[in-house]
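Same chain, two partners: chain A is paired with chain B first, then with chain C.
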Partner chain A sequence: MSLARILGLLAVLIAVGLLIAAPTMLRSYGVYLLALWSVTTIAALGLNLTLGYAGQISLAQGAFVGIGAYTVALATAAGIPYFVAFLGAGLITFAIGWCLGYPALRVQHHFLAFVTLAFSTLVFLVLRNEQWLTNGIYGINDIARPKVFGLSTNRNPDFYYFALGMLALFAGLQWWMLRSPWGRAFVAIRENPLRAASLGIDVRRYTLMAFAIGSAYGGFAGALYAPLVQFIEPNSFQLTYSLKLLLIVLVGGAGYFIGPFFGAMIEILLPEWLRFTQGYYLLIYATLVVILMAVCPKGLVGAVALIAERRRKPPGRAPGPGGTLDPGGATPGPTGAASASHSR
Partner chain B sequence: MVSLSQIAARRGVLGGIVLAGALAVSSLSARAADDTVFIPNVVELSGAGAVSGTNWRDGITLAVEEINAAGGILGKKLNVPHLDTQSDASIARAQVQKVMDDKPYVILGPVFSGSVLVTMALAQQNEIAEIVGGEAAAITQRGNAFVFRTSFGQQFSMPKIANYIRDGLKAKSVAVLWVNNDFGKGGRDNFTKEMQARDIKVVADISTESGQVDFAADVVKLKAANADAVFVYTNEEESARFLKEARKQSLKGALIGETTLLSQKVIELAGEAANGVRGHVGLSSDAPVPALATFAEKFKKRFNYANDHNGIKGYVAVYAIKHVTEKIGKFDSKAFAEALHGMTITPDKTPGILMEATWDKNGDIDRASFLGEVVAGKQKIVEVLPKLNK
Partner chain C sequence: MASFLQLLVSGLATGAIYALVAVGFSLLWQTSQTINFAQGEFVMVPAFFVLVAMHTLGLPFWLAAIVGIATAALVLGVLFKRIIVDQMLRHGVLPLVVSTIALSLFMREAVKDFYSAQAQPFPSLVADRDITLFGVVFSAQSLALLVVAVAIVAALHIFLQHTRFGRMMQATAQNPTVARILGIDVERMILTTFLVNAVLCAIASILISPIYLAKFTNGETLGLAAFVAAIIGGFNQARGAMAGGILLGVLDNLCAAYMSAQYRSAVPLILLVLFILFRPQGLMGRVEERTV
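Our next item is the complex of A and B:
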């Protein structure tokens, strides 16, 4: 094992160790923010799959988080056990995501963005206007936190560990998925659908699948969001939330497995660190994001990969196709994906 | 040559460093010094609630500066940081969670009812009193012994409006235009209930959006309804836009509002179109109460703009804290909440309270209020309504 690899593993272990030890170092609010980070990262992982890997622009991820959150809030209030509701949230969003994937078969790029935008607005209107079901604009309060293996998660550190565990589970699942033929098929469709089809990939099925799995991640994130915040209202899941998730994926680096982890960190923690600037914090935050996107349009992880790539190549030579494989082995830079898709 | 695994490793190293840094920074948080008392203000400073929240904040700032200049409360200076909720309930909750870590004595804000509803459960769990600006009826109906209002709840203000429409205007039909958020919906529900109880017909029930810019279609609908009176219950900016459109289309029927529609901010924004608007006003600097006028002068001098009712609410909240604390003689959050229930504070003992106010067992406030009218770009108080339980 090379030194670099050992160092890398060590860094990951330190990061995981810090995340596990965080509740002993942080106070209640810090732990709450990290729990929110875990939940948001799950939603962003889903969008990264749809957008970063399969190349389908979705402005509806926030709506899926909302559907998941409302499913759990309503179901647990009706006496259904939390984990049944949790699975239900995933299944419902998977099914809706599958149906929403159909327009993606017919329209692409910004047209698809409009379709998902309309869906996002539709979900908001249903959540707000169907008061008999969702309690309308007043939202749902006092959502109970679940018991996990008989242990209460009412305290923030306990819920944080639960959310972190779920993040590990869903991240692991996606890691596995991306290394499977599915992940390669998603990337192939993003890069060149015709070529993918000619290689025997069922474009229709995989497009729908990418949408459905990405949406289900949103649903699961929502199922964690509701007991975390313990209050949900339609406004929380408006288009702005979907745009936030999109920003997380883009800032972190679309198509990079670890992108959403960093994107969510910037989105959730950066405004908090900037609060000492009082009234200017949102302004500074927005400016920093603009600069970041202008300097590295491929996001944080993309920028690091690019630097590594440049150092690898002798000066004067442009990076070749498929040259920016990430540790998952399934996340080539946008130019080299098709070749990577059939490289194994 | 660098291998793929090395690239991966470098990314991992960077990741570890960033993550470690992130965790270290988030663990840093300022603690209040011992010679101060920590009273955080969690309020809407950006987003849809910024107009109300900024007024509320400045009212608080004025009171805090005065009290600190006079030596503080029981010898301790007030430390009142202002935290922005971005008009989002989940951020409001996170901010209240944050201030709980520093053991606040009392929490001020939020102003938006949705944010109040989500944060007051946390305040209750921690047994810290929360003095809020929200008006939704539900706030004080949940048996929470730690939430206190600074203005009338809708269940108190709507009967006053309804009586005025029946007895003052002698209207037989009304139209209601409301903003579809928790504030507007709560007001609309209470208002229509009061109308039904008085046999006044609601001929149009129009929902509008928060942040709506164009009210042309809504005014057309109101014209078609041809009601004797139109009750308008929206936030400040939307109220002003609506009034301009109503004037443009020469909408007939009396325009009636509750506090917001007659507020200084709306009059400023709507200009001439606000003339003729009538309604109930919970708090007003133009009321025939000298203390309110003096407050308005001080506010204008300090912040260079005219306050609205939210400014008065914030100012009064801080003086209520001063009065109660000096009465109980210690900084005890639980004792504070217990003492404020059923307490009446009069301006002769605490001038900063501006008008005599009583808090009942639910945390609802009771004090005199006003019927007003906008005449020549100024709010004019035409009648003083006494306290309800006096």
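Our next item is the complex of A and C:
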């Protein structure tokens, strides 16, 4: 085991320790924010799979979170047990994601962005207009929090541990998936679809798969989001939310496993830190995003990886291929990103 | 029948605006692979340039309009290209997409925080009265809007197709490498594209703000309409975007009246998905070849 690896493992252990100890140190609102962070991270992990690993731009992750949230809210209100609804939310979003991939696959990459953009607006319209089902603009109130192993999660710390456990589960699942032949196929397709096809990878099937699994992560995140906030309305799942999730993935670092964790942390915590700026938070945030993209298009984790790579190499040499994530396939993909994430 | 004609005219008027915005959008995409997610805000902001010129500098409307268009050309054309696009394109398409998303957020918030969150009245080109033609009542505003927008779309079409400079721009849009070999100053053409886009957006802004009022949220629907129009028209043809915009405006208005007003905003989206499924190259587009 190299020193960097030991340090990395140590950092992860400390982070996990802090996350577990957090409720003893924070007030209820802080714990609520951390639970929100866990849920948002799950949604962002899914988008990172679609975008960072399979190279498909999706602007509908927020809509999938919405579908998951509404599924659980409506199902639990109808008396269906929470965990059945939870699985249902995942299955529904998986199926919708799979179907949505089809039209986009017929054409080129940026079209997926537009199809998902359209889908996200359609979902909003249905949620708002089909009052008999979704209660329209009034939203759904008093969503019950689930009992986990017979324990109530009505208090914020309890729900936080539940959400954190789920985050660990889904993160572990993705970690395993990325190391399986599937994960390698995803990356191969992002790097070069034609070359991947020539190696015998069924590009169509794997692209659909990456998109569907990513969407299902969104659905599961929604299934956790609904009982966390206990009130959902169509506005929360507008295009803005999908764009926010996209920014989370890119600010953290697309194609890096731990990117979404950092991205979501910033997205959730920055408004709290910038509270002193009053109304100017979004202005500052937008400016920071543009600066980050100009300075380091691979996001925060990408920046750290780049610095580490520079140190490792003898001085005077170029810092490796500065490939960037380019869905158009015009430039070589982030080979650095893929190898860096594998070394952690 | 009368109401149908009325709807058709107002649909054409909306469509002509969509066309203005969509043409700029597709020109940017063609010359520099810029998918401008802030295009809607590019239409929203110039109205406020004009308002500032009128209220802060005390200029008369027509002068303020010229100042507004010039400011838009400078800020949304030159500065946008130099500060955002040139920086980001080195990194690839995705950072550019994200930056324009962030930019749209920035513009919306800046207008809200530094001007006003309230919808602002905006002086109109013509007095608002009704005109009766062939027994049908049309609003003078939407007729004027239609006339001006169509004139500009036509002028742009002539410029792109029949002038040397326009053809050089088209050549650059379609294949920068070959254009460079033919001795075209590609960099200058691309900059011109950004200027054209900014000016089109500014004109669209001045045309629609009297009707929709100038407000910071105006960009949302317009940006989406521009996308959709550009796709239905064919991403790689400027005249396709014009046709797409006009078609979209007409369908949008007719559907709102005859089908469901609630799902009005779904019309362009359904149209979009149908086009992507059955005619991905758009009405007039060519099929883009895959690169290895």
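A few notes on this one:
By definition in this document, the second predicted complex is superposed on the first by the 313 of 344 C-alpha atoms of A that agree within 3 Å, B and C clash if a C-alpha of one lies under 4 Å from a C-alpha of the other, contacts with A are read in each partner's own complex, and residues count from 1 in each chain.
Note that a contact is a pair of C-beta atoms (placed from the backbone, for glycine too) under 8 Å apart; a residue touches a chain by one contact, two chains touch by 3 or more.
The model shown is predicted, which means the values in this text are computed figures rather than measured ones.
Contacts of A:L250 after superposition on the shared chain: chain C is touched, whereas chain B is not. Within the superposed three-chain model, A:W175 lies out of touch with both chain B and chain C [touch as defined at top].
In the superposed model, A:L122 lies in contact with chain C only, and not with chain B. By the touch criterion stated above, A:A294 is placed in contact with chain C alone, chain B being left untouched.
In the superposed model, A:W98 lies in contact with neither chain B nor chain C. The partner that reaches more residues of chain A, of the two candidates chain B and chain C, is B. Contacts of A:Y32 after superposition: chain B is touched, whereas chain C is not reached. Legend: residue contacts after superposition of the two complexes on their common chain; A:L282 is shown touching both chain B and chain C.
The intersection of chain A residues touching chain B with those touching chain C, taken from the two complexes, comprises 279, 282, 325-327, 329. On the chain B side of its complex with chain A, the touching residues are 1-20, 22-23, 25-27, 29, 45-46, 82-84, 86, 88-90, 93-94, 97-98, 100-101, 114, 117-118, 121, 138, 180-182, 185-186.
Those residues of chain A that touch chain C in the complex are listed here as 57, 103-104, 106-108, 110-111, 113-115, 117-119, 121-122, 125, 129, 192, 194-195, 243, 246-247, 250, 254, 279-280, 282-283, 285-287, 289-290, 293-294, 297, 324-331. For chain C in complex with chain A, the touching residues are 33, 35, 84, 87-88, 91-95, 97-99, 101-103, 105-106, 109-110, 113, 224, 227-228, 231, 262-263, 265-266, 268-270, 272-273, 276-277, 280, 288, 290-292.
Every residue of chain A that touches chain B in the complex is listed here, in rising order: 2, 4-12, 14-15, 18-19, 22, 25-30, 32-34, 36, 128, 136-139, 141-142, 156, 229-231, 233, 235-236, 258, 261-262, 265, 269, 272-273, 275, 278-279, 281-282, 301, 304-305, 308-309, 311-312, 325-327, 329.
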